[in-house]
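Both complexes shown next keep subunit A, but they swap its partner, so subunit B is in the first and subunit C is in the second.
== the complex of A and B ==
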């Protein structure tokens, strides 16, 4: 037996292909990003080593600070706009409502759509002349707006679709968590005379804390990494009003040819994600519950 | 007569209203993909089309080349799913079942991978592909997609392999099977359900990926749907119907798969979340 499962040659035959492809496509590039971030480089000419200058410039760069602020606003909007409705619907659907499966199926549909499609769709909804939103407002006698062209509205307008899209995702994560709580716990609570609301707040929510933490982590880290939707809707404009770090990184690299600065932004995004990951881990330390 | 509680009615109104909010944008898309500009510009933006302009679809598929992009997306996605499934199965079997010291390095290697965002590798991979003269080819996206499908697939498959009884290998060994025959003829057939789950997960992330696609692919020939649609925008901004038809074509495969396998898709999408 040990001869078979301890077969080193076989082990490496199983592991090597994936190991090599992942090393070359993920770990080597991360190291390269770190290396480029210490350089002043336009991608063609000589690389000049400048140490941490790119990072120092970064924290004084107004557009970048604005983009970082926007991504934090999105993180907060996601926590409030996604997790609260998601928790509500998960609690309701997990308690055997009529049509549970139909609702669950429908709520999840936006999650499957490509961001390119959602972006194009919302470009049509926000269209100032013929868009659905302005048509709706005008039918109630309000004035239409240029939702993506106006600095006052662009951030809210471009963050809304992303919050909307992932409510169903968090709903399903929390729903699955709730479903894994054994039914006899509810029966016991019911015998003790607890009503639905008491059960939700005193039984279910305390028991699914670890699932809620997963949801929270995904919402925050997903917000910090957001790229696709902003790129489709506004490319960060007008005047950086809807900029997020990854769109700024993209334009720095591919439009302004600032390879070093762009790499510093990439590394910043990685570190920011790690920071919030560990922050959430630390703030919401929950022991794993086994039944 | 059964008594109907008012709170229950209210609850169902809320549930139904939210269902409308989630599904209406998709219907809006379906509606305008069948309208012509006259109808939209004369005020019917939101409602059902008065006339069904199926020619929008013909226009999108053939004149705007969405048909070609669709085939490219199918081709790329299929290869990525098959290759990453095979690689992930091999690695996770080795990690979950085999007793080799190197496991202490190999396992964390792929778990750390779960944390790496695509942004962080975009430029170096771009430069690598440029130096290898591989930009603007199918491989330019297929290889990175395979790499980034691996951590999630491995993570999920390890959990699945770990719960298989050890007697499987024991009896195979006693029957004189080697490790490879055991793996391919005894173990692999048992993990089909798990493979379905990770294939769906890989399908969705590959089909919808945008950042790599718009950066590494440019020419008409290799464009997948996400790139194709981004490029279509310039030309068809004012032609709502054709644009809409293109978006519907890009979305249809996902929605069909979802309606056929909604349970697997749902469990696939939350698999990583609930375990991690």
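== the complex of A and C ==
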């Protein structure tokens, strides 16, 4: 390995293909978006250079501020609603419970389903006329609600399936992390008289911190750039109540034909993701543990 | 280790070389073709070559064929929607009626179609002929000179067959860019069975409409089915109120930017819409209902009325509709104190096929556009979609959709039209109007502020 990294020629030959693909597929489009975001452009006609006007308009745009707020709420909801249950399930499953494989598969099923399928499923559950949720509430004597049409409930209603869908995903990441902790550490802990709870909090969790960081990063970044489920469930409505930056970007570009403004939103999403990425990196400075 | 490395490098170099070769081969081929004309020609040429290869080799007639690429939003050949049926009829008959052209069609579902078309426009990769909406939606394409004016192909004979007023939304600066193929009109669809069962009078005045709304609300039936989740259905509700209050002429003026939205009539129209919503006119869950669900509710007899374009005819008379034979169409009632008359309608002619300005064979492309529009005009009428836009001998109309006939009778004395607000204004203006109307229906904007916000699109 040392020899490989020492050989500069080999190093570059192996890095360049991936680097070129990354440059063309990721960096160039972002740079192009940055360029478009300084233009007033309908996507067809002439581009007019307007500097940072799009950004100035963006921070005054109520719908956009609302969408940014919503995406932060989603990020927090994801951390609480995904990572905590995922960690719990992973800890339990990794302790060789009966039917470990079955449970692992069951928890992972929502991840395998297409987002559109999940969206359609929840559209039916939330339907005010024949939905399962209202039927359940009514059978207990409560009044049914228009879950996706009422701006008071729509955000919570649409966040629930998003959070729910990826619990299994994070569970699997954390589960593999836990599984890579050598058994002798647990044996040593057992000999010292640690119970299951103590082992979880004092052995497992400290040892899988780097895996947890990966999960946390995925959960936060995934929330900030979420598009699909919101689009299927509500299209950002009603009255932008469930809007996230990506859905607003889509309508800006393809309905309003404001390519410049849409690109400015895209750049905002990129910067927002980078900001949180570095924030997480900074807060979770953990050493990589090798066994 | 080193040996393996050398091997790996060697393998990679040869792979790169191989890739390079194929790339060269491609560009070489393209360069030769490009000297003949545009990228489209290359595409057409390739497709023609493909088509030729499929047929018997050496067939000289097919070699002279002009290939025309055609894009539409008619994605499903098996759809029962009148427009789809008519389009695929035309696509089939053009093979025999215009043997000198080969039409290569690509259909994409409506929402994706809009995105696809915009992407193609930005990349200057438009097909020869393509479906599009008129007025404000079309204007950016005209301004960017991406579409071809068709005046030189529109002989007096052709013009004579096109019904009056149907070209209005395709004319910019005196040039005509498209042929019409239908006149779609919105009217109030009423479920006569529900009206009878609940002893409600079919409304002739606006007050009677409100009484009907109250009666159905009390009976637990959605009075007017509205899919406001998709935003555009709300345009129709506000549109017809504005037409009744301000009159078609004044409302058109405001939409064209030559008059203000800040008028007492339009404010009152907005107030009426808001009151109707607050009264439960659209049921309790219109904001979260999609258009598909709203149509389904009406089709299943769960809603008493629906204000919608004539494309609903086919759904109402479909074999799987619980309401088949029980639906009637009426004119939206007049609002007292309003300037509009009962004979002013929401809708018009605004869908067409455009010809790309970078098209290789403009004459043939224009002929294809004309053929399809004229053929569709008749067939979509017979299939129960909209009114025809061309004069034609209709032949046996006994099998014609009952509701289409009713609408034809309603609009016989039409004095004015306001076209669909979203197509008319287009782009960000349409989006602003849609979102403002959603706020209005939701009750989160006052009628005065609503009009002031609409006025921002004219500034």
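Criterion: the second predicted complex is superposed on the first by the 264 of 291 C-alpha atoms of A that agree within 3 Å, B and C clash if a C-alpha of one lies under 4 Å from a C-alpha of the other, contacts with A are read in each partner's own complex, and residues count from 1 in each chain.
FYI, contacts are C-beta pairs under 8 Å (C-beta built on N, C-alpha and C of every residue); 3 or more make two chains touch, one makes a residue touch a chain.
Fair warning: this is a prediction, and the values are worked out from it, not measured in the lab.
Asker: Should A:258 be classified as contacting the first partner (subunit B), the second (subunit C), both, or neither?
Answerer: The answer is second: A:258 touches subunit C but not subunit B.
Asker: Report for A:21: first if it touches subunit B alone, second if subunit C alone, otherwise both or neither.
Answerer: Only subunit B is touched by A:21; subunit C is not.
Asker: Using the superposition on chain A described above, determine whether A:45 touches subunit B (first), subunit C (second), both, or neither.
Answerer: After superposing on A, A:45 lies in contact with subunit C but is clear of subunit B.
Asker: Which of the two partners, first being subunit B and second being subunit C, lies in contact with A:267: first, second, both, or neither?
Answerer: The answer is first: A:267 touches subunit B but not subunit C.
Asker: Would you sort A:135 into first (subunit B), second (subunit C), both or neither based on which partner it touches?
Answerer: It touches subunit B, and subunit C stays clear.
Asker: More residues of subunit A in touch with subunit C or with subunit B?
Answerer: Of subunit B and subunit C, B contacts more residues of subunit A.
Asker: Tell me which partner A:111 touches in the superposition: subunit B (first), subunit C (second), both or neither.
Answerer: A:111 sits against subunit B, while subunit C stays out of touch.
Asker: Can A:237 be said to touch subunit B (first), subunit C (second), both, or neither?
Answerer: second
Asker: Does the superposition put A:59 against subunit B (first), subunit C (second), both, or neither?
Answerer: A:59 sits against neither subunit B nor subunit C.
Asker: Return first, second, both or neither, reflecting whether A:150 touches subunit B, subunit C, both chains, or no partner chain.
Answerer: A:150 contacts subunit C only, not subunit B.
Asker: Under the contact rule defined above, give the subunit A residues that sit at the interface with subunit B and also at the interface with subunit C.
Answerer: 4, 7, 10, 13, 17, 43, 254
Asker: Going by the contact rule at the top, pick out the subunit A residues touching subunit B in the complex.
Answerer: 1-2, 4-8, 10-15, 17-19, 21-22, 24-30, 32-33, 36, 43, 85, 89, 92, 97-99, 102-118, 120-122, 124-125, 130-132, 135-136, 164, 167-169, 172-173, 176-177, 180, 211, 214-215, 218, 225, 227-228, 231-232, 246, 249-250, 253-254, 259, 262-263, 266-267, 269-270, 273-274, 277
Asker: What part of subunit B is in contact with subunit A in the complex they form?
Answerer: 11-12, 15, 18-19, 21-23, 25-26, 28-29, 32, 40-41, 43, 45-46, 87-88, 90-91, 93-95, 97-100, 102, 106, 109-110, 113, 115-117, 119-125, 127-128, 143-144, 146-148, 150-151, 154, 169-170, 173, 178-180, 182-183, 204, 207-208, 210-211, 215, 225-226, 229-230, 233, 240, 243-244, 247, 250-251, 254-255, 258, 262, 265-267, 269-270, 273-274, 276
Asker: Residues of subunit A touching subunit C in their complex?
Answerer: Residue positions touching the partner: 3-4, 7, 10, 13, 17, 42-45, 126-129, 146-151, 154, 234-235, 237-240, 251, 254-258.
Asker: Where on subunit C is subunit A touching in the complex?
Answerer: Going by the criterion above, the answer is residues 1, 5, 9, 12, 114-115, 118, 121-122, 140-141, 143-144, 146, 228-231, 284-289, 293, 297, 302, 426-428, 430-431, 435, 438-439, 442, 444.
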